[in-house]
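Consider the two complexes below, in which chain A is the common component and chain B and chain C are the respective partners.
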Partner chain A sequence: MNVALEVERTRATRRTVRQALGRAIRLREVQLLVAIGVVVAVSTAAQPAFVQPGNISFMLADASATAILSIGQTVVVLARGIDLSVAPILGIAAVLVAFPAQDLNLPIIAGLGIVLAVGLVLGAANGLLVSVARIPPIIATLATLSVYGGLQFIFAKGEEISNIPNAYGNLGNNDIVSGIPWVLLITAVLAIVVAFLLRSTNVGRSIYAVGNDAAAAHRSGIPVQRIVFLTYVVSGVLAGIGGLIYLCHVGSVDSTTGSDSNVNLLSIAATLIGGTALTGGRGGVLGSVLGAVFLSVALTAMVFARIPSIWEPAGVGVLMLLAMLSDRRAGAPARRTRQRTAGSAR
Partner chain B sequence: MSVGIRNRGAWLRFTAAAAVAALAATLTATASSSAATHSAPPIKVAMVPKLLGLPVFEANVKGAEEVAPSLGISVKYTAPATASAEGQVQIFNSLIAQKYNVITLSSDDPTVPAPVLEKAMKAGIKVITWDSDVIPAARDFFIQDTAYNTIAQGVINAAVKFGGPAAQVAIMSSTPDATIQLAWIAAMKAYIKARYPKVSIVTIGYGQSVVSTSLTQAEDIIHSYPNVKAILPIDGAAVVGTAEAVSALGDAGKIGVIGIGDPLPNRKYFANGSLQGLFLWNEVNQGKLIMYVAKLAYENKLKAGGTFSAGSLGKFTVAAKANAVTGATRNTIIFSTPLEFTKANYMRYDF
Partner chain C sequence: MSSAAVDPEAERHASTVAPASARYAASHVSKAFNGAPVLRDVSILLEPGQVHALVGENGAGKSTLFKIMSGMYQPDAGELVLGGEQLADLTPRMALHEGIYLVPQEPTLMQHLSAAENLYVGALPRRRVPGFVDWARVRGEAATFFGRVGLDIDVQTPARLLSIAQQQLLECARALVHNCRVILFDEPTSPLTSHETEILFRLMDALRADGLALGFISHRLDEIIEVGDRVTVLRDGAMVTTAERGGCSRNDIVTAMIGRPIGVRTRVRRSSDVVDRSEVLKVERLSAAPVFEDVSFTLTKHEVAGLAGLVGSGRTEIAETIFGLRRADAGEVWLEGAPLLHRSPRECIDAGLIYLPEDRARNGIFAEVDVARNVTAGIIPHLPRTWHLIRAKREESLAQEVIGRTSVRTRSLGASINTLSGGNQQRAMFSRWILAEPKVAIFDEPTRGVDVGAKDDIYDIISDLATSGLACLIISSDLEELALICDRVLVIYEGRIVGEVGQGEVTTARLGELVVGGAE
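Right, the complex of A and B next:
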């Protein structure tokens, strides 16, 4: 009797452990950590220099601007939108800080004020177009990509601004401890704050609800358009901060910065690789940050593997495709249709 | 230099920017038609660089404007807002309509403007390219910045001076299809083979004419090739990115950076010791030469294979046929031997 109960309990525990383990393995964050570990291990085996602190620090710093942009991108995508204008927002923010930094020795904290304002205004413009004017996000932000890109040219006057005070470069390139750059700390703090807001506040959960099913969210009293507006503001502000981080890390900026290095593609790639569904409602920002780190590590590994850099854009594309293929739930619309049928049956 | 230093913006073909370019073209067109009413009719010469706002082109214009009055030239400076070949075509059309005598240009594309330039030549307008050529049939003369072999020799000599005659070096280029960068790389390889056979080129990185990509590439090269003694960036963005990489990694002075580019955007790196040398030509004097060639071409005094004198700049030759070593094509005038910028003289140049 007792023995039978004991056996049953053990079985139950084993089942729970197995389920928990199964869930963890399916978690995109865990998959990414494993993938990063594999790339690092293979590269190190081939060339031990791969894990020298300088290289680790560089890969993490290089991932930071993309990671910060992808945090904002993730918030937008979770609400079933997309923001194609993050590249020129990053560029405009960086340009508008770079001029006073070069000419007036503007302190970084004042620069932060500028990029927050730039991100707020440009993000709000995107938000209005999508939530008030009801233009589909892909068209609205494609249009502002063009408009902001033109503005960036006008602001930069076709110049290259490169004589930035050392304080910026120190923030963008120095380590807290060997191998861990300051900009990674900033990225991590931003990611944790946004992750907390998404998970633990009404507004955060509303973003998921809107992405899952906007009509249902509306019926349950969520101010859908206000939530959608907010996601673009968040994305704009984070793209602005990304601009400041970019400026600190790269040390110069010009009229095509951001667009020229494809940060739009990279931010979306990091978001998708991080496990956020393009169809909204599923995913999170921690995955996106890991996605950005994974991209940076994988692209650096390509250089260490002596693969010519011509292959880099192809590498990004292949990683995106692999991320989609490895996500069995990527066909989310099917799931949603089922839900809707179930709903109507009720 | 064409695809390198001067195509910052080639990727930006946004509608908004195009609208700005069109507007700029219209405005300048209106402005110039009112400016060209002189008593003794001057030679009307237009200067159309790849885009507005680049220090190297501004320096060209400065030189041109210095000598133009003494040559009886009224010079008009106009260009698209981004490096857009289509934008240049619109400008050429308006210049033909205004009956300019000479059009000079640094082309955004070798073929796109060819039809409109041929139309200009049929209308009796002399067409002179400088810096970046079009196909030879679409222009009368081409002013090449410098001979491929001499600038390559300058860079390699400086690299050897820094890293020794058996140095491992890496090259940072722009894109894998950039004509001039490819020609420079070939010239560097040939010179190394002939003169410093122990120097080895370990890799060639491509920064895509983007500073952040060049930075990433250069840092990766430094980490994955620990014995590299010098990196040779041969494109404007590559110079900035490479010098930033070396200075960010604390390798200033340990890894040499010697390249091809203009000193103004790189003052910070000369000052902090991460950049040892740059090669280019005197952009102001090049602007002057463009005006001399414009005048002589207008007066039909330039002949293939002949020589001519350009005031204080000295004597020049018009190459009659293509030369693979220097890079000259038909009717090419090679402007100068390269100018070397170092920590000692970089502050004297504002381009």
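Right, the complex of A and C next:
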């Protein structure tokens, strides 16, 4: 009797464990961790230098810049929008900090104030165009991509500003411990804060609701316009912070910074690879951060495999497509699945 | 928790938060869309502790009135008064705040969010820190509310995995969460089975006893008579009559609704002297585990066959598999002797098999597209052309002709289809498939969300199609409907055909017994 009970209990535990494993494997975050592990393992087997602290630090710092932008991008995409103007927002923020930093030895904390203001203003402009003027996001932000890109050129006066105080470079390039750069910590903090806000606040849940069905959200009393506006402000602010991080990491900025390294594409790629649906309402920022890390690791692996860097954009595109193909729900036409339950059968 | 039992804890919850009662009046409300009047000087009064039932044909303006009363639309004229207080420029947000909730005709849940979150969306309970969601309370209380509406599901299930009926019950549960004084039900029963409808009515009774003012739209007259304390009939956007319970008979209501007396619906008879009974569709041992298994049947020319079964019995999945929307594990499907299985919908349509889906809003209409283009969408490759270019004028005259045959009521061919009422959208869907000149048609819930008058039209359309040679398979939860129009009904239970009721034996009682798994 007791033995039978014990066996049954063990079976039940095993079943629960198996179910939990099954659920975990379907999580995009887990899939990405596995993918990152595989790429690292293969590359290390081929070239042990891949896991040297210097290279790890380089990859993580590189991923951090993309990750910060993709956090904002994810917030926008979750509400069924898209922000194509993050690259010049990053650029303008970096330029507007770089000049006073070079000429007046501006402290970083003041620089942070500048980039927050820049991101707030430019993001709010995007938000107004989409939520109040009701211009489709892809058009509105494609237009501001061009407008902000032009402004960046004017603000930078066509120069390259590279005489940045050491404090900036130290923040951007030093490690906390060997292999873990400071910028990764900043990114991680931002990601955790945004993830928490998305999960646990009314505004965060409203973003998901708007992305699922804006009409139904309106019917439920959610201020849809305000929420949409807010997502672009968040994206703008994070792009601004990304600009400061970029400046610290690279140490110079010019009139095409951001746009030349294709930050827009990278932020969207990391978001999609991270499992956020372009159709809104599904996904999250932790996936996007892992997506950015995966991109960085995979692209570095390409370098280690002696693939010429002109292939890098193609690599990003292929990874995006692979991510879409591996997500069953993203490509297939939306279909209603019915479950047979006792409740529905009668 | 059993789905039928009313949770005592939920009862207690309801009594502790019993809302203040208030009468809700809409007076002299008018509304026009693009110049076409939809409501003309309509006044109704919802009393606390009463169910006010609203009837009328499709397009009579019932849904529009409820949408105005819940802040979705702004009226052109007239005013809304709740408990003596005038509600100016009502928005959905204000309406919820005032305690007015609309249970919509088609459930509109957030597909990727959990059932529990859908229950609270827009008003998630907060923790002491403002703005932060109290997830423990969401999960804990959701089950209680689900219990009250008879919904037996895991609160964490994403909404997209729920059946339409479950989604509709969840919508009802939302009204309870918002602790509403006024609940407007816009045809809540059309996607529900009779058992679920019963649960809903019990719920409405409880709410009525709590002193809530309820509005209720239905196309089922029996329901109107059963639950309505007061009945108002709308026709063409104007009020025709309003009466207390017992103040008017079923026939009075029907006459008021359609402006002419209507005969008791009798079994649709087609001439039986048809000689050509050749087999057109043959389904053999079709399986797609675990949804359905070993399904075999045939359809002959001129035949109307029914497929009866509960929601979730696999009936829709069988149709979708035949139509190439799903993959089968095993089995064969033949259309006029040619194999059909593993073909795409396009190839099925070209071969002469059409499928009118159950979920019109999701799988049927192209909402933003005009009526003409919606009607011709099934035959795009065969539209009149000059060289490769479609002749728009001739396409439109084609559409005009066929919507004349199915009497679609629309302002113009260029109007987008979502401006049409549910019944007219369904007629437009029939038009689409008539144009494809099919040999076999599968109609899934062809009269769901359609009023009495339009129902009869649809039965006539189906019967005409059968007379002209079409083989029809009708899937329906409405057993009375199957008994009315079908020559023969196959009954499916848990994915298997458990019985076939032949000509002359089709009765509601016999079908009812089989669909719940009653033995032969």
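Observations on the model:
To be clear about the criterion, the second predicted complex is superposed on the first by the 317 of 346 C-alpha atoms of A that agree within 3 Å, B and C clash if a C-alpha of one lies under 4 Å from a C-alpha of the other, contacts with A are read in each partner's own complex, and residues count from 1 in each chain.
The working rule: contacts are C-beta pairs under 8 Å (C-beta built on N, C-alpha and C of every residue); 3 or more make two chains touch, one makes a residue touch a chain.
Everything numeric here is computed off the predicted structure, so don't read it as measured data.
Contact with neither chain B nor chain C is seen for A:D327 once the two complexes are overlaid on the shared chain. Once the two complexes are overlaid on the shared chain, A:K157 sits against chain B while remaining clear of chain C.
In the overlay built on the shared chain, the residue A:G169 is in contact with chain B alone; chain C does not reach it.
Of the two partner chains placed around the shared chain by superposition, neither chain B nor chain C is touched by A:D83. In the superposed model, A:V203 lies in contact with chain C only, and not with chain B.
Once the two complexes are laid over each other on the shared chain, residue contacts for A:A216 go to chain C alone; chain B is not touched. In the superposed model, more residues of chain A are touched by B than by the other of chain B and chain C.
Touching of chain A by both chain B and chain C, each in its own complex, is seen for no residue at all. Those residues of chain A that touch chain B in the shared complex are 47, 49-50, 52, 54-55, 58, 62, 145-147, 149-151, 153-154, 157-160, 162-164, 169, 172-173, 246, 249-252, 254-257, 259-261, 299-300, 303-304, 306, 308-310. By the touch criterion given at the top, residues 8-9, 11-12, 14-17, 19-20, 51-55, 81-82, 176, 203, 205-206, 208-213, 215-217, 219-221, 223-224, 226, 236, 240-241, 244, 247-249, 265-268 of chain B touch chain A in their complex. Within the complex formed with chain C, the chain A residues making contact are 199-206, 208-209, 212-213, 215-223, 277, 281-282, 334, 336-346. Interface residues of chain C facing chain A in the complex, by the touch rule stated above, are 3, 72, 92-93, 95-97, 102, 104, 108-113, 117, 121-124, 126, 131-133, 135, 150-153, 157, 160-163, 165-166, 174, 193, 195-196, 310-313, 316-317, 359, 362, 494, 516.
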